[in-house]
Structures are given as C-alpha cells and as structure tokens.
Amino acid sequence: MDTPEQNDVSSTEFAEAADGEARRAIEAILMVAVDPVAPNLLAQLLEVPARRVEAICDDMASMYRRERRGFTMERVAGGYRFQSHPDQAPWVERFVLEGQSRRLTAAALETLAIVAYKQPVSRVQMSAIRGVDVEGVMRNLQHRGLIDEVSRDPGPGNAVLYGTTQEFLERMGIDAVSDLPPLGEFVPGPEVVEALERSLRVGPDEEALVVDGADDTAGE
Amino acid sequence: MWVRLSIVDIPLGSWAVSVTVTTAVYQGPFDLLLDLILREEVELYEVSLSAIVDAYLTELERLEGLDLEMATEFLLIAAILVELKTRRLLPSDHRVDPDDEFGLWEERDLLLARLVECKTFKDAAVVLRRLSEEAARSWPRRAGLEAPFLALAPDLLDGVGAEDLRRACERALAPRPSTHVETDHIAPIRASVADAVVELAAVLPDAGTVTFRDLTTGMVDRIWVVVRFLAILELYKQGAVDLHQADSFGEIQVSWRPDANFAAGDLVDAYEG
Amino acid sequence: MDTPEQNDVSSTEFAEAADGEARRAIEAILMVAVDPVAPNLLAQLLEVPARRVEAICDDMASMYRRERRGFTMERVAGGYRFQSHPDQAPWVERFVLEGQSRRLTAAALETLAIVAYKQPVSRVQMSAIRGVDVEGVMRNLQHRGLIDEVSRDPGPGNAVLYGTTQEFLERMGIDAVSDLPPLGEFVPGPEVVEALERSLRVGPDEEALVVDGADDTAGE
C-alpha cells in the first residue's frame, strides 16, 4: 500500500496478500525468538527471497512506528528483533525494579548452580534437569558475565556447552570451581545427567506411548 | 494418539499372556478392566480363573517389590474378580452365608466406585490433552530484558554464597524424596505378603487338612484374608497344596501334598524382587 | 513525533489518550517479560486500577486479533503475555526445532488430571485412583515443573501433598485451575456405569440378567 510496485491490479493484490502472510509469520517468529533473527534465516524458513524479507521487515518496522506501538522492531547484530520502545524505558525500568526480581532469582540460582557443578553443560541438558526452558535465564546469566560458552559438544548437533566465568569465581570469592562445597551423595554424577535427559524426553514407563520419534531433533 | 495393542487378537483363555504383552500400554488393572468392559465388551466370566490369578501374579512380579501397597491392590482386585467369577460360573446356591454375601457386595461396590472414579479422571485427562495440544501451538515470548535494563535488575548474586549454590544444585538435581517415606509406611503390608507364603509353608506340612477359615481366623482386615488367599493359590499353583471345596461357598479344604517339593525361599524372592 | 497528538479538552479523549499511553507501557513491559505479568503488578506499576488494566488488556488482545497479528496477547497462569498465534505454528515450529518433545503421555495426563482436580493430593491417593503406582510418572511431572510439593498431610505419616504449578497453567494455556471444566462433567453416564455393573455383577448369570433388566450391550 505504501509503495505499490505493481501496476497490474490482481497481481498487486496477490503480492500484498502474500506479504501479509509473510508478515504474520515473521511477527510470530520474532515474538518467540530470544536472539535477533537474520533475514537469511527468515528467508529460508518462509521460502521467500531475502530481499523481500528485508522489504517486508522494513515495512513492519515503520508500521509499528506509525501505530505508536510500545515496542519497536529493530535490526540489531545482523538480525531483526522486537524490543521495548525507547520512550517506554521508564516503565520497563519500574517493571525490572519492582516486578520480577524474586522468581527470577530462584530460577537463575538453580540454573547457575547446575552450570557451576556440571560444566561444561549444554542448554538442552540444563532444560532437562530443571524441567523448564532455561533459555531466558541462561541468556541473562550470560549477559551478566557469570556464565559463558566454553566449548562445543563433539557429538552430533555440536551443541554449545556452557561453563562459569572468572567473574563468577570472583563474585563467589573462590579460586576455582573445585572449591565449591561438595554435593550430597544422593546427587547423580555427570554421566547420569545424560541418562536423566534421555529419560525425561521419553519417560521410562512411557516409551510405548510415544509415536513420533520427533524428540530426537532437539540439538540447537 | 499412541500405539495400542488390541486385546481382540489375543485368545481370551490366555488373559495372562495379554496382560504381559500389554503392560506397556495398559496402565494397571483399572485401565485393563475398563478397556475390557467398555471397549471390548468382554464378559469377565469368559476369562479363565487361573488366567486371572496368573495375570496378577505376573503383574506382582513385574512390580519387583517396589511398592507392595500397589501389589496388594492388585491382589484385592484379583480376589474380588475371582470371587465374582466363581459366583457366576456356579449354579445358584441357597446356603449362602448372608455375611459373606454382604461382604462381597460391599467389595464389588467399592471396586465399581473406583472404576467409575478412574474413568472420570481418564476422561478429564482427555480435556487436558486437548488444552495442552492447543496451547502447544503457541510459544510464549521468552526473550527477556534487553541489555540496557540488565544492569538495573537486582543483583542476582547479592547475598548468595557457595553454600546457597550447593543447595540450589542439590535441589535441582535431587531425586524426589517421596519413595523412602512411603516405604516405611507400607512396611507392615510388605512383610505380610511375603510372610503369608512363608508362614503357610511352615505350618501346612504338619497341619493335615485345614480349612481356609481356620487359616484366617482372627484376621480383621479383609486385605489380610485376601493376601492369605492368594498365597494359598500360589502354593496350589506351585503344586505344594491340594484344595478341595465340597460345594460352592463351602469350606475350602487345604492340605499339603505329601510329594510337595517346595522351598518357600524361591517364592519369597519372587515377591521381594 | 510521527503522529503528534492534539489536545482537545474533551474528557473522553483525555481518557482515551491515557489508555493509549497505558497500552504502550504494557506492550513494552510484556515485550521484556519472561513470565506472564499479573494485572495487579501492571496496575501497581502504571498506577491505574487493576480493573482498568484488565479492560485495557482485553482491548489490546482483541485489537491484535482484529489486526490479524502473527502474535496474540493471552491471559495465562494469572497474567498476560505475548505468544505466537496458534495458526502460525507451522512456521514457528520450523524456527524452534525442538518440536514436540513437550508432548505429554497418557499416563502423565491422567496423573495431572488427578492432581489438578484433587489438589493437594498425596501419591498414595493418586495411585489408588489410577490403580497403579504413579511414582515414576510423578517424578517426571515434577522434573518438568508441572506439579510440585505444596504441603504435608497433617495426619499420620505426614505424606507429601502435591499440587499443580504455574508452569502447568502455562502448558495448558489457562489462567487458573478453576478454568478447567468441572469434574462433574466427566463422571461416566448411566450407560457406562451399567456396563461396568453388568460385568461386575454378583451371582449366577441368569439372576444378574433379571436384576439388570437390560441385557442389551450398552458400552460406548
């Protein structure tokens, strides 16, 4: 509508409808994405040319501005993402200060503890142990410089493995991770973690109930 | 949906086999019974009596002594089914003890009520499945705070020491504790299941012919009678005792077989897992 | 700046402008929130009554629907959150890959149903209802964060009592446990009870048939 590229009416409409669908898909994907999503990836997922993805994304960004949304769509670090509108920062700050501190701490502490004791450990393993998605928490910990990517799993999928940082040791006031107090004896060793992960994907007594082997596609 | 082995393909005379085959599919006796009755419309009397006992003994061994409380559940249900079935196969008897009759009705009503309850929650679970499948079509936003705000958030590690970290890790990794608590609780029943066989094997060889009533005198709780009844059946299956019942609902005569070659220890192992 | 708001001194317009500002703040906050944000918290942060927050949020949710956004705003587990639109699931699935490892088995769902409706409930009570030991399934559910210990039975034995969690509500996409249909709806109808009764009848067959009065096969 803003920049009609076609003169033929029907094909314009067709293109607009297709763009509309692509726009919806991009909105959905960006809404759940934790990191910026590269236009190439969007192009590949949606099976449209990257150039068109970029055009659509530009349109979307200006549409949100025009509509005076409380969020914006920005191109950051080579990809697109939703973020809070800068002029809403005071509200977001209030939310950060008053809103979410307690629950985040408990979740973050457990996550941090597992990374500290079980490192190097992948995000999938972490999720299996904590039983919930740890992506947000881990990103937060990483942003604060407490954990970081330390290596890659040599196995299939080459999952990123995480460990604690120097900063973490300093904050804890210890020299090395081995200075952490030993865990109780009932805690499973690192080799059990993997077994645990497996058993969590398909419960021990439930294997026969799962039809699709789709569970194996985890790797990130 | 999930893979479901059809019980139709399995001869009714070998229910024991079907139970073994389908343990991965059926979630216990209620599940099995509900399916048999409501889906397959099997008349329970078509199933052979020894097959029922076998099925439950098999089920019992499968449990490997993990939870004897559940094992006794199985026994109780098995015993009720056996009793119901016995009544239905035998011609009407007019010398039925009213107390026994009342007791059986009571047990049956209880079993019926529990089946209805189980069915209720099975149907409720269907709604949960629908809800969770609908919800699974949406993914929540989890991106979290943008970098500029992270510094604002209260310091995660404020006041957190290595000890807190250890506790948090143990909390996250610990196998949940309920197992041990419950085992203590059910210990008396656990002993009785194994002991019923041991005790009987110790007493019967020198006892001549006794009645089942004699063997259960003084037992107040019906579950103990059931446990002992199944122990007798097991001994019978092992060829250790002969059973004789002059007429239906008459006294069950139990006598140790002179040629019995039975070591109680074997069986106890089977129960203890 | 994009669309300068003029100040006509009508009170409706004033209210609308205020709502517009609240909407923008809510959009910004939900964009950075990891968990559903309770209306009370929003009310506290924005210094407006919770009732008005709820009205604004309802408006926002229907606005996104009307605009056919690729995302929706839902009330889940006691708060509001952004999530991808269900009809965009095929695209999002491509993006997130982890796919259906989130699927729950029949055993898990039946146990969850008992916890949801009978909470707080002990393991023994659950086992009694299902007729099988539920320990394995429960540990699995607990690891996934769907149920948790909520209290102790004051009676002898002090059994641990379990209840459902926030995560459960999120997984079911409901706001509160009370949103589940009443359990009474699932009590089997007379034809099912009759079928059960017939199969469990006491006494010889001829007699039972007379008592039942109906020998037609009911069943489902």
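The letters A, B and C name the chains in turn, as written, and every chain counts its residues from 1.
The rule we apply is simple: a residue touches a chain if its C-beta (ideal position, glycine included) is under 8 Å from a C-beta of that chain, and two chains touch if they have at least 3 such contacts.
It should be emphasised that the depicted structure is a prediction, and the values quoted were computed from it without experimental measurement.
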- If you tally C-beta contacts across A-B and across B-C, the winner is B-C
- Message: Taking each chain's centre as the mean of its CA atoms, which one is most distant from subunit B?
- Response: A
- Chain nearest the global centroid, as defined over all protein CA atoms shown: C
- Taking each chain's centre as its mean C-alpha position, how far apart are subunit A and subunit C in Å? 24
- Message: Distance between subunit A and subunit B based on Cα centroids, please, to the nearest Å.
- Response: 44
- Distance between the CA centroids of subunit B and subunit C (whole Å) is 31
- Query: What are the residue numbers in subunit B that touch two or more other chains?
  - Reply: 2, 139-146, 149, 175
- Multi-chain touching residues of subunit C, meaning two or more other chains, are 31-34, 71, 82-85, 92, 96, 100, 103, 105-107, 142
- Task: Please give the residue numbers of subunit C that touch subunit A in the complex, ascending.
- Result: 2-3, 20, 23-29, 31-35, 37, 41, 44-46, 68-71, 82-85, 88, 91-92, 94-101, 103, 105-108, 136-137, 140, 142-146, 167
- Task: Show which residues of subunit B lie in contact with subunit C when the two form their complex.
- Result: 2, 27-31, 34, 36-39, 41-45, 63, 66-67, 69-70, 73, 77, 84, 87-92, 101, 104-105, 108, 111-112, 114-129, 131-132, 134-146, 149, 175-179, 181-182, 185
- Item | Sites on subunit A touched by subunit B in the complex | 31-34, 81-84, 89, 92-93, 96-97, 100-101, 104-105, 108-114, 116-118, 129-130, 133, 135-136, 139-141, 143-144, 146, 171-174, 179-184, 186-188, 205, 207-211
- Query: Which residues, counting only subunit C, touch subunit B once they are in their complex?
  - Reply: 30-34, 36, 71-72, 74, 76, 81-87, 89, 92, 96, 100, 102-107, 109-110, 112-114, 116-117, 123-124, 127-133, 135, 138-139, 142, 157-160, 170-174, 180-181, 183, 186-188, 192-193, 195-197, 199-208, 217, 219-220
- Message: Please output the residues of subunit B touching subunit A within their complex, sorted ascending.
- Response: 1-3, 24-25, 139-150, 152-154, 156-157, 160-166, 168-175
